[in-house]
Amino acid sequence: MNTEMQGFIQKYDLLGCIQCGRCTGGCPVTVRTNLNVRRFVYDAIDQSMLDNLAKLPEIWDCTACNTCAVRCPKGLKPVEVLIGLRNILVESGVIQPTVRDALESVFREGNPWDKPRAIRSDWMQGLEVKIAEPGKKVENLIFVCCTIAYDPKVQVIAKNLVKVLNKAGVDYGFIGDSETCCSSEVHNLGEEGLFEMMVEDNTELLNSYDAARIVTISPHCYSTYKSQYPNLKAKVIHYTHLLKEILEENKLEITREFPQKIVFHDPCFLGKQNNVFDEPRYILGRIPGAELVEFERKRERSLCCEGGGGKMWVESESRKERLAETRVNNARELGATLLAVACPFCILTLDDALKAKGFEEEMRVAEILEIIGELV
Amino acid sequence: MDTKKLSKDKFGDFMAILSRQKKLYVPQKEGESLRFAPVTAGSQPDLAFPNTTVPPKSVLFPQTETLYQFEQGNTDMSLPGEGEERVLFGVRPCDARAMAIVDSLFSWDVDDPYYLTRREQTTLLGLSCLEPGTNCFCTSVGGGPASTEGLDMLLTDLGEAFLLQTVTEKGEKIIQSVPELLEEATAEDLKAAEKLSQEAAVRIARGIDTDGIPEKLPGLWENPLWKDFSESCLGCGICTFLCPTCHCFDIQDEMEGFEGRRCRMWDSCMFSEYTLHASGHNPRPSRHERTRNRVNHKYSYFVKNFGTIACVGCGRCINLCPVNIDILNILSQVVKEAI
Amino acid sequence: MNNKPKIGVYVCHCGINIAKTVDVNTVTEFASHLPNVKVARNYSYMCSDPGQLLIREDIKNEGLNRVVVASCSPRMHELTFRKTLAEAGLNPYYLEMANIREQCSWVHEEGERATGKAKKLVAAAVSKVRLLEPLQEKEVDVEPATLIIGGGIAGIQAALDIANAGFKVYLVEKTPSVGGRMSQLDKTFPTLDCSACILTPKMVDVASHPNIELFTYSQVEEVSGFVGNFQVKVRKKARYVDVDKCTGCGACAQECRLSGRIPSEFDVGMGKRAAIYLPFPQAVPAKYTIDSQRCLFLTRGKCGKSPKCVDACAAGAINFEQKDEIAEFKVGAIIVATGFDVFDASRKPEYGYNDYVNVITSLELERLVSASGPTGGSVMIGTGEDASVPREIAFIKCVGSRDKSVGNEYCSRVCCMYTAKLAHLVEEKIPGANVRVYYMDVRAFGKGFEEFYDRVRREGIRYIRGNPSEIFKRGDKLVIKVENTLTSTPMEDEVDLVVLGVGLEPRKDAREIIDLLRLSQSADRFFLEAHPKLAPVDTATDGVFLAGCAQGPKDIPDTVAQAKGAASSALVLLSSGRVKVQAQISFVNEATCRGCGFCVEICPYGAIELVTVNRMGHQVSVARVNEALCKGCGACAAGCLSGSVQQKSFMDRQILPQIAVLGGMR
Amino acid sequence: MVDLEKLKTAARETVSRDDVKYLIGWRQGTYGFRVSPHFVKEPEEAEKLIFSPLCTNNLATYLVLTERLPLPRGEQPDSRKVALMVKGCDSRAVVQQLIEQGIKRESVLIIGCPCEGVIDLKKVEEKFPHLPGPAQARWSNGNIVFHLPDGDKEVPKGEVLAAKCLSCRYPNPVMTDLMLWEEVQTRGNDEYDDITELEAKSPQERWLFWEDKFSSCIRCYSCRNVCPMCYCEDCVLDRLNPAWVFRSNNISENTAFHLARAFHLAGRCIECGECERVCPVGIPLMKLNRKLAKEVKEKYEYIPGLDPESKPLQSSYRPDDKEDFIL
Amino acid sequence: MKEQFEPNVVAFLCNWCSYAGADLAGTSRIQYPSNLNVIRVMCSGRVNPLFVVNALQQGADGVLISGCHPGDCHYMEGNFYARRRFALMKELLEYVGVDARRFNMSWVSASEGSKWKDVVQGVVEKAKEAGPFEQFRRNKINW
């Protein structure tokens, strides 16, 4: 047994657990997998069990939505126990090839998508983008997110942000090619060593700018910078904070009518984990002609889309329909014509679900920036 | 008295012999300040100064001095040791004159054994003051760059060599103890030294005609000038502690558990508790009475008692006053007011 | 008087407890040579009668004026030996003890070292005792009256006990009626007797007792003074109804334009009242009050042509000109019985309390099952035509208790039992209903509790172990997401009604009381008692006592018991009539005080104030210690830059010699 | 921009007021680069007032230095206001005195002189030694121009300014009744680099450093007397019973004296640097004071002399104050 | 033979928690080094930080302040003031080169007799490591 395992009880405060079951009760994936996170907290107290626990396939079902930690009455973080178990596997090298590739890609290229560093800013082509310079004052330093930078399906988010920022005349700067992965998913996949390294590197990089705020586009980057980077000098915000600010100060006008019935899906990393609920709704509320409806499971009770927790690179078995499909179904029942989100992962999972369900005719999944960009 | 010449290349040997004979004090840096301290291995004499921050009185009249030690519940007391022979090298003429002034106080009505013994055991080797400081005014108070009053021997830096002029027997003895290092001084040497000190005297930029000041002061007792000049006074002890002629002391018992010692230590007439009575009454309750006392003591009372002004014009009180209270300005105001 | 120290040093053998390790003869011999020591002796038991006699004889015969006893801890026998000194006619504070047992002979086996340390401790004591000064223990009279803040069951009970003992009580209640939370309850566990039936008579007694002056709709504004002598200011808020004229007929409320339009506090918002109202039918006093925040006339200056209540009141009791009044009086003791707030269920958004009408709190259910409640005692979801009777009913316990995520780590102590009670009542009111209780632990610790829990379970209430995590709607059912932790089964339970077993919290306005009385809070934010076990009703402020849920969650029997405890503590004070104040207190050398007020800020008891004095013609401000308030901690003395504040018996000049001896003696 | 005419006019008007006792400002000294505090009682005395890079003195000290002599029975003390010219740092002293009730707000009239930094006399006298006649200086575009007998000399600020001014965070008075001219730009953002540097040394090195400095102390008490925060009428360090520190001059008592002095200023020192400036033997006292200022800022987020409504640091606490040093 | 250095530690204990805790260690007969001597004050808030300077001057090789745990102060707040004062005094002492091992502060409650032993052992051990503190001692310098 290594010393890391010795520390499991202390590290995750396992003895603080009173077995109330709120973690498992709140876990969104229990309806479709065998994951019972409380049992892991309970079983992990026996150090000799750790290696066996780490081999259970359920540990890869967790989406890191954090509901278990938010709900825990004793302040424990059951999700981290699962990540700790993943770490044991990663250390021993027994991981799925897709995961290994993603981690290696972060190490080599600074992104999990196995794309070259050099083309990170390719999405900017044809746009008037301001690039921030280290040491120079900039109000808003924009952090793009690997998925948005590389995945052509969601690059539009960043492009539209540029459009919005330019229109609003906000002082901003992008990082450009030196931008590297926030490593949220590296942590969630259990690669602690790489994560620590990335935190150090990224802290140095981000602190080299004289920025008042770091504006993240993805809630995953937002949440990670906010809670796992203790030494950042600038304040970290999500773009919805900035966009709300812009709209409040009337720096941007949405003139075009948009007669749609919109339902907003709260991303876990934005809502549950960081209590950003009102900003996206404010922005959507400013769209002329749009009608806002709400899910039954909204805000603190929002249902996870299963995009996080490294699930982009992990295949796991399940019993029932995907939560993203449930979500799309619910949206359809509400009569929504537009399912709005504020997260690149949610876009990908919900859009997939939409297509799998064949609802493309009646409904559309779109990022808030996508909509706003179209309307200004 | 004798005149000799000490070549600079033999200066090191000269000092070495002196330090073997007696405890040798030379001006040395301590912190940022310059003061007389015993020569130890590796200590550096520093002679490029108008005068030391702390005057040499700190050796003859230490800031703190144990008079005797005692134990509670026990009438025995123990006295300090015998003391030792010492030499102070590099004393400026003004500071030496100051010691002569202090001598008259400590041998006044009652001989002070602590001071006088130490004075007797100490030889003062002076150094002519060839680069006067900004606020030097020794020439206004009866001194000069090459004054020998209070010294046992005066040295003058002639460039390649020092000219040695003995003043007392103690000085003679020093010369006699190092015959091998010395050569006879020539008339030219004496002349050169004379010239150097005269030139130095010319370079003294500040001064005042002190004639009549002692007589005028008593009449200015209630004059507003004291208030005017003391308004900005902080009541600190810089001007007095660093004055080479100030000699006031306090006696205190310092207790440690059941043991204690009686000691005397420098006091300053600028301190608020200086003349504070046990009743709480203070005849000099504010800074203007104290300022008045400081000037009067030097330029009036001491003159009356000992026939000399108790100020040697070293300029320390002007140089170091944090609020630019300038005794020359006070004196010139005294002169003006008296007319 | 010649006060040159003449010290007697008495070294105790304590049988062999000290003498076995410490060479008491050597220590005695050593002590005899210390300055100012006249006598040094040792004896087998200094605390025994002969031992004390030895000291008394020496004081008389040798003219001793200071005593050092080297024996056990001063915490053990300081008072004993002070008495010895006093009996011999010496000021008891001329004593210093050297602890050569607990902190020497018992903890160091090696004789030579222990003896050496004992010598040092004795020398340090001698060095200090020489400088001690005589102190006077002052006594002050106690005002034979008590202020009780809070008119719930705790305040009511304490008031009745003290009043029955013949002392004056001022009972101050913030709301228009006494009764508190207990009056909102329907039945009480585990006996199921009617809450109103047992409470109402006591409410009436309080109002009619000749020794009790009742202030309802009033607030304590200011408390100054100290134990035995508190000055109190109470603001009687304007009711806009002349209580002497009001007959409580209720005609005004019926006529009020806002009748049935304002959520009733008593019914937790489920029922409605008028702008002029009686909080509940059995309210005491049975006098109406106008809600100045709602009344149309008071808020807008206009109510139709004229206020309807005025027209309706035959007694002419309504008076819109009424102003707040201030009452001032003196008391010797204060009892804080301010109660609790129920946990605000909307702080757990995952339970959808704000979103769903069929998610209610236990207090709301309490009103629903009450015959005097908004539904006349039937358990219904919603109101009016949409109202329906729930069949599937779930209780969730520990809502807002034992939960760090809302900052409440404590157990609220009543939820387990009231849940059992309510489950039982629901089952009784809705025959055939399916009632289940979701729980983490069942804590049935009180008398008859376990038996009641047993009964309820046997009646068919299902207890499922698992704390629900989320509630949302699916169709017309509520879905409870929960894990049955006994079977490790995550499940979704569909029900009609969810009852949240909300916990008890410190009152939101607790800060006002803290500032008023300088109380402290424990980690759970309830008021802190002086000692959790041995002084559970006392506080760190002498003369201020706690009763009921203000100190921590409690059920009714415990509340009443503590109220009686607080009443008896107050009575001890009142009936003795005198109270001794600390002697080793702080004092100020006004001549050197610079008036910066650091000590004033530091003093936890508000015992120091700045006063203006004439110093040789100048008005200067200096600190002054109120000797009755000072508790003698000395924190002011250590914080005084000019050394002007000193603590008697612990003055700088008394401590520094101790340091010199202990630090310097090798 | 310094406007001397405006300053003098304001001073004349101020001292003409019935409720003003006198005004304290600066005037040229008797020689060299010295400046002396100037007490203006009559309007015509305002003519001598100056404001220049030579005005080092923190005049706030005089608000608490005046002796309160016994008044004859029946005579009322002069309770009129004292008008005071302040630089940024000086104004913090006034604010801190208000916090500590050392003075009353109504007894002082604060005239603000936004300041571009004052000289370090030692640095200047090294550059231009031996100047028996008085000299003047003024600020000029980031430089300081000295008017010397042999013509004007312009020197970059960095070469002659006092260290405290190079990292000054509060060049503009933080509280005034009258601001004489427009505020100047804040120059520094003090990171306490000098303190960190000394902290990095070994304990032995630090002891030797301070031993050297403290052993040269002559206990003249100028550091204490010049300090605007040291206004106890009877300083504990002067007291004989109990004798906290003996008057004896030796390394033990000197060290104890300086520790006590520094500690008493914890959370109170407003870093005007006067103690270090006046020390005749050059003890770097600000290195002591600033160490505590740094700790107070880091540990308790407290900066003295800014908010007259704030509670003094030494008489306040937070339940969650750091306690990593406790066993 | 090289004699082992026996340090002298002066401790200030509050009456209600730490002094009582030390008494408890006594009644429980828990053994600890005899190098530490206690001065009893009513509250750790009474301890003037200058006492520490004074103790070092008067010959102590180490100093300990001990009071109630935060929130447990008999006088409610005294130990909070003590904590602030000594946090700063400790910094100051270390800054002038006083060995960090010479100054200690602890929270020991009336029930922590064995913690008291640990504290004393630790403090004495540290003072021993730091060695005699001659440089600052009064009686070595000018007597």
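By written order: A, B, C, D and E. Residues from 1 in each chain.
Just so it is clear, contacts are C-beta pairs under 8 Å (C-beta built on N, C-alpha and C of every residue); 3 or more make two chains touch, one makes a residue touch a chain.
Since the model is a prediction, treat every value here as computed from it, not as a measurement.
Note: the chain lying farthest from chain B is A, by mean C-alpha position. Remark: among chain pairs D-E and B-C, D-E carries the greater number of C-beta contacts. The most distant chain from chain E, with centres taken as the mean of CA atoms, is A. Separation between the centroids of chain B and chain E, computed from CA atoms only, is 46 Å.
In this assembly, the C-alpha centroid of chain B lies 31 Å from the C-alpha centroid of chain D.
Centre-to-centre separation of chain A and chain D, using mean CA positions: 54 Å. Chain centres here are Cα means. That of chain A falls 47 Å from that of chain C.
Counting partner chains per residue, chain A has no residue touching two or more of them. Residues of chain B in contact with two or more other chains: 64, 255-257.
Counting only residues that touch two or more partner chains, chain D has 69-70, 243-244, 246, 248, 250, 314-315. Contact between chains, per the stated criterion, is found for A-C, B-C, B-D, B-E, C-D, C-E, D-E. Chain B contributes residues 72-73, 255-258 to its touches with chain C in the complex. Across the complex, chain D is touched by residues 591-592, 594-602, 610, 615-621, 639, 641-643, 651-653, 656 of chain C. Taken together, the chain A residues at the contact with chain C in this complex read 18-27, 30-31, 36, 38-39, 67, 70-75, 296-297, 299-301. Every residue of chain D that touches chain E in the complex is listed here, in rising order: 198-199, 203-211, 244, 246, 248, 250-253, 255-256, 259-260, 262-263, 266-267, 288, 291-292, 295-296, 299-300, 313-315, 317-319, 321-323, 325-327. The touching residues of chain B, counted against chain E in their complex, run 64, 66, 69, 256-257, 259, 261.
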